[in-house]
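Listed below are the structures to be examined.
Okay, so chain A shows up in both of these, paired with chain B first and chain C after.
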Partner chain A sequence: MHEIDIPKVYETVYHKQLDNGLDIYLYPKQDVEKTFAIFSTNYGSIDQSFSPINQKEMVTVPDGIAHFLEHKMFEKEDGDVFQQFSERGASANAFTSFTETAYLFSSTTEIEANVETLLDFVQNPYFTEESVEKEKGIIEQEIRMYDDQADWRLFFGTIDSMYRHHPVRIDIAGTVESINDITADDLYTCYNTFYHPGNMQLVIAGQFDPQQMMRLIEQNQNEKSFDIPPEIDRDYGDEPIVVDQSEKTIKMPINTPKCMVGIKEKPEALEPNVLLENDLIRDLALDIYFSKSGLHYESLYQEGLVIDSLRLEYMLEKSFGFTAIGASTMEPEKFGQRVKEMLHSIKTDQIDQDAFERVKKKKYGELLREYNNLETVASNIIQYHQLGLDFRDVFPTLEQLTVDRFQEKLQSWIDEDQITVCSIVPEGE
Partner chain B sequence: MHEIDIPKVYETVYHKQLDNGLDIYLYPKQDVEKTFAIFSTNYGSIDQSFSPINQKEMVTVPDGIAHFLEHKMFEKEDGDVFQQFSERGASANAFTSFTETAYLFSSTTEIEANVETLLDFVQNPYFTEESVEKEKGIIEQEIRMYDDQADWRLFFGTIDSMYRHHPVRIDIAGTVESINDITADDLYTCYNTFYHPGNMQLVIAGQFDPQQMMRLIEQNQNEKSFDIPPEIDRDYGDEPIVVDQSEKTIKMPINTPKCMVGIKEKPEALEPNVLLENDLIRDLALDIYFSKSGLHYESLYQEGLVIDSLRLEYMLEKSFGFTAIGASTMEPEKFGQRVKEMLHSIKTDQIDQDAFERVKKKKYGELLREYNNLETVASNIIQYHQLGLDFRDVFPTLEQLTVDRFQEKLQSWIDEDQITVCSIVPEGE
Partner chain C sequence: MNTLVDNQIDHQDYQLHMIPTTKFKTNTIALKFARPIERDTITNRALLPFVLQKGTKNFPSERELRLELDRLYGAKFSINGAKKGENHIITLTLDLPNEKFIDAENDLLKQGVQFLQEVVANPKLIDQAFDPDLVAKEKETLENKINSIVDEKMQYANMRLVDEMCQDESFGIRSHGYIDDLDSIDGTTLYDTYQDMIKHDRLDIYVVGDVEDEVVKQLFESEFQLARQNPVEIKEADQADADQVSTISEAQKVQQAKLHFGYRTKITYRDENYPALQVFNGIFGGFPHSKLFLNVREKHSLAYYAASRFESHKGLLFVFSGIAPEKYEEAKDIIMKQHESIQEGNISDDELEQTKKAIIHSLKETLDRSRGIIDWHYQQVIGGKQETNQDVIDAIQAVTKDDVIKVANLVALDTIYLLTSEDGGAQDA
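Showing the complex of A and B:
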């Protein structure tokens, strides 16, 4: 176990990689009441074509299987896992994203017993064909429920418009058709490959003794046997650099239209040595121009092109990345046009040095404050780990970012070919 | 200025009421980076019939005027207030609820200047008939946008089904028709009555010196003159004890139905001496029975009556109160029926002493942890103040709550006549 000091926040994170490949990060914090643990696998909705453990040939599994697997993990031969946590005063939860499946709990009591439950239920899969069939009905309802939500449709419509082949374009839960093809065998194939400890991380943040906690985890892991950590080949298809469609319109039974402008990242922006810097640049650019006090937000609002507020998203991962700016608007076409103009104008806009330093400082403060939020620290450690980065790198990267570098990087980010406009309009229009 | 010690959390809040009536609460915390301020008036969407300042007769103003006023406060002769905060590294915001209108900012720098801006812009109204007309178009769009949202319609449908006369049944933003009747004069009438310092509270939480901050606020307030703090009569109508309708169905163009069960509070449950206790009892009851690890949630999920998760709400105010349990469900009628059965069964259910102590302890931990979150502390102080309560009372109230008392109070809470079931179903069904 080695110590990782975080200079600016005067805290220490302990890290160890076990022989079975599991990466463990412990963040003890004595002035808190609650402990938060997250057990995560580097496996999300985009990982559909891969080489299974102990196998050379690639397989392709149905859309939505990572999310389906997450659902099935909570069911055990002897009942429901939520109840076990609850009896020990813990709240448990789980989520599936494009790139990650994570299981988590927070608790003020019986931390060690809860950590054991977390490890044991995730490392003990139990599916039968019968229980898989039953789950299909449940997930089908969940998919149909999301189909009613205009904001969800807008977000995935925008991604689908940017990406032609990359599986990020597919809804995380899959489709009613795709999940119908899932078998218990498929689930075991995915489980055995991606839930190997070598592909997983455990982060615990809160009030506990790190040495004692590490012993407990090691003991738990030593009682289980695993194959050699696998090298997993993942195939995301051959994705063009430019967007698939420059415009897309979805009709839905709503009164108020919505529009979202998406900027697709070029692969060069996602290279390991620049990904973090670009991530910060997208964040600062959205803040400077499109936040509630941003220059362009004010114009859009005054022109009557945005109702209430803008939805701002950015996501930079190894194999895909995008930024999105959306809103409810009575004039989706005009909104899309104006946001595109604004994005192009950013390239030639001369940012005031003081204004830039101000947003930089604000961001720096936000990053420091994140260390008071155990959930955020733990999630960040995992995300950085899965990207192959050190979670502390964000501080020097931000410090070194100059206004000139910022403006130079905006140049290569925004190109007409990288931009898509997706609208949701009332049926009948 | 007097000190209010919070024993369990070893913190101090400073309180002073100025001569103009303004209540100030300061919560200095030296280990934080950010400061959060909230300037709130005890005035929300339900306050439509009242006696204006310096006037005996009651007036009734159009629905949605408190929210309209909030919108208008940000516009000044010399531009937009958001920009002023932004230039000093602060983020500003505002909200209108049933009972409160609040203006807030968070900032790491120039705290004192930002506090002055907050006080000055809220205490300096500026409306013209022209700018009021322009705002109508903006708010009309906002109202139409919310009309598309099934969850919003379900929530307000449930409230409307419970209440016959009380203005809580009206959407906070009003209707397209009602806001059209608003004039600049109406806005000034509401402003002059409800934005008097005697009806307002300022809470600042974060890193600052309390003596110095108090001097700054006093100086700012001494430069402004106000009438004598008014006694405001408010009329909420003569509301029946029981629900207005036991069932309500709304049709919308969706695929997945939704259902919500509402329990209307009896006026006796909202008396000042029991309101806080009842608030805690609703909270604990929802946790024990309907949270993800709750006894009844598990049954509803297994019976296929709930997709994903339950929406749980409870709200106890002086003049109205309710609890609501909602979900997306393929069988809204069956869901409503089962939840009603479950609510009735709670009355005779024998709760395990240990289980009760566990949720009590969990809640206690949550309450203590809230003191790490400045926004939450500040909001709580205001809510308790506006209810005429001491924000620290929640600790002894929870401590003194026994399982016997809990079960006794559940008896009088749940009655068939107090329950409504509201559903949203696809059009054409």
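Showing the complex of A and C:
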């Protein structure tokens, strides 16, 4: 177990990789009440075509299966795992993202018992055809709930419009039709391939003793046997560099239209050695231009093209990446047009040193604020780990970024055919 | 557990609450202006937070205001209005990094207090009134926001349920205001509302963070002055009886129906039955182990969510569920049966114990967030009862099964609200 000091915030994290491949990060913090634990696999909704464990040929599984699997992990032969956490007053949960499936709990008593339960239930799958069938009704309701949410449809509509083949374009939960095809065997195939400890990380943050906690985890893991970690081939399709559609309109029974402009990343921006820097650059660029202190936000507001605030998103992963700027707007077409113009003007804009230092200051404050929250720190550790990065690197990367470098990197960010505009308009218009 | 101390100072113009803790890397300051909610002024008060954020005398545009926040290392600032029982509260919250973590800074907190003083005491005025153009623009923003509530089905259903249930009570007044009132609002009338708020609202100020009381006290003495006189008293909510159960049904283009229930508990924060009400709610629908979740979702796969929540300062309890439209009758029966089952004493020891643990856990978790700490303490101001976190835990521990049964029999169903699809289950309703 080695110590990782985080100098800026005076905190310490402990790391160890076990023989079975599992990476463990412990972040003790004595002044908080609770402990938060997250057990995550580097497997998300985009991992649909892959070479299963002990098999050479690629298979493709139904849309939404990672999320379905997440739901089914909680059900065991002797009942529901939620119950075990509940009995100790802990609250458990799970989520599936594009690239990750994670199981988590927060608890203020009986932490060690909860950690054991977390490890044991995720490492002990139990799927039957009957229980798989029963889950379909619940997930169907979940999908339909999202279908009614305009913000959700806007976000996924934008991604779908940018990507032609890459599975990021598919809703994380799949569709009512696709989940109907899922079988217990499919779930085992995915589980056995992606839930190997070598593909997983455990982060625990909160009130505990790190030495004692590490011993407990090691003991738990030593009692279980695992195969050698598999080499997993993942196929995301042959994705064109440019966006699939430059415009897309979705009709929904809503009152207030919405519009989102998406910028698809070029693959070179996602290379491991530049990914973190580019991630920061997107963040700072959104701040300079589109946050409430941004020039472009002010114009959009004055022109009556945005109701209240903008929705700003950016996501850079190894196999896909995008930035998005969205809003509720009475004039979606005009909003899309103006935002596009603004994005193109970034190339020729001169950013002054003061403005750049100001957004760096702001970002630094935001990084400090992340340490207010155990969940945020733990999620960051996992995300960085899965990208092959050190979570502390964000501090020096930010410090070293100069206005010249920033300006230079913005030059290659946006071309016309990287941009898509997605709108949601009321039905009958 | 760590006991939090609210070091309170009775200033002639406000109550200053200082809650020192080392949990956070930032300091949070909240100003809470409160008065009984009134139909005549609610739309003005709903509009004020929008206008106050758009500029001050020295930062005359929203952008300049936000640039100042960027300079304060990305301080997070918000103003919002909310209903607590039958009072309306306007809260200004500023969260800024603790200067201990920034090498080059030593008076960030002071700058933060100065910023709040500027926003509260120096709004941007033209001839002793708010800028008419700005007011016109923000009226439009508020109108758009009110109009888009119908697009958020869960929120819309909650609002409609309270509309119907509390038509003759001041709790039924919508905290975001009414479109019909907007015409009569201008820069002058809004300025009157503002002055009334600054002068006469009850004002509580909270400071949470790793900072010494003496420093905070001095800062407010020297940097914060308001012209205050004769502050109003906050109001204790009126209680009405649940006579006959009324059922309201509405149809819209939705995929998922929303089935919401409104109950009267007549139990508010200061009531001796309040801890038992918390436990009742926990057994009924507050947690994933609750009867509603287990029966409506897990056992019958009728809904993606089914939960209950109570209103601490009015004496109401609500059930929410998202169901397939055709399952209305079935879901309604199952929800009502869960309540009856608790009334009949169908509560296992496990259920009781688990629920108590979960309530205590969620209290502790709340106290790990600075806004949670503020809201929890402020609840005592509104509720008119002072207690420590340990008192609350002891009170929850002391609740017996009989106490819960007693409360279950005090809780009376008043209104059922169904938002359903235009084709689907409407005929069932």
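Basically, the second predicted complex is superposed on the first by the 429 of 429 C-alpha atoms of A that agree within 3 Å, B and C clash if a C-alpha of one lies under 4 Å from a C-alpha of the other, contacts with A are read in each partner's own complex, and residues count from 1 in each chain.
Definition applied: a residue touches a chain if its C-beta (ideal position, glycine included) is under 8 Å from a C-beta of that chain, and two chains touch if they have at least 3 such contacts.
Here the structure is a predicted model, which is why all the values come from computation and not from measurement.
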After aligning the two structures on chain A, examine chain B and chain C and state clash or fit. clash
Quick one: is A:Ile228 in contact with chain B, with chain C, with both, or with neither? Answer first, second, both or neither. neither
On the A-aligned overlay, A:Ile307 touches which partner chain: chain B = first, chain C = second, or both, or neither? both
After superposition on the shared chain, which partner residues are touched by A:Lys292: those of chain B (first), chain C (second), both, or neither? both
Per-residue contact with chain A, leading partner among chain C and chain B: C
Check the residue A:Met58 against both partner chains and state whether it touches chain B (first), chain C (second), both, or neither. neither
Given the touch rule stated above, what does A:Gly89 touch, chain B (first), chain C (second), both, or neither? both
Common ground on chain A, meaning residues reached by chain C in one complex and by chain B in the other: 32-34, 80, 82-83, 86-87, 89, 91-92, 108-109, 137-138, 141-142, 144-145, 147-148, 150, 253-256, 291-293, 298, 304, 307-308, 328, 330, 358, 361-362, 365, 368-369, 372, 427
Chain A contacts chain C in the complex at 8-10, 31-34, 80, 82-83, 86-92, 106-109, 134, 137-138, 141-142, 144-145, 147-150, 253-256, 287, 291-295, 297-298, 301, 304, 307-308, 328, 330, 358-359, 361-366, 368-369, 371-374, 427
What residues on chain C touch chain A, complex-wise? 1-2, 21-26, 61-63, 66-67, 69-76, 95-98, 101-102, 137, 140-141, 144-145, 147-148, 150-153, 252-256, 287-289, 297-298, 301, 303-305, 322-324, 350, 353-354, 356-358, 360-362, 364-365, 367-370
Using the touch definition from the top, list the residues of chain B that touch chain A in their complex. 32-34, 80, 82-83, 85-87, 89, 91-93, 108-109, 137-138, 141-142, 144-145, 147-148, 150, 253-256, 291-293, 298, 304, 307-308, 328, 330, 358, 361-362, 365, 368-369, 372, 427
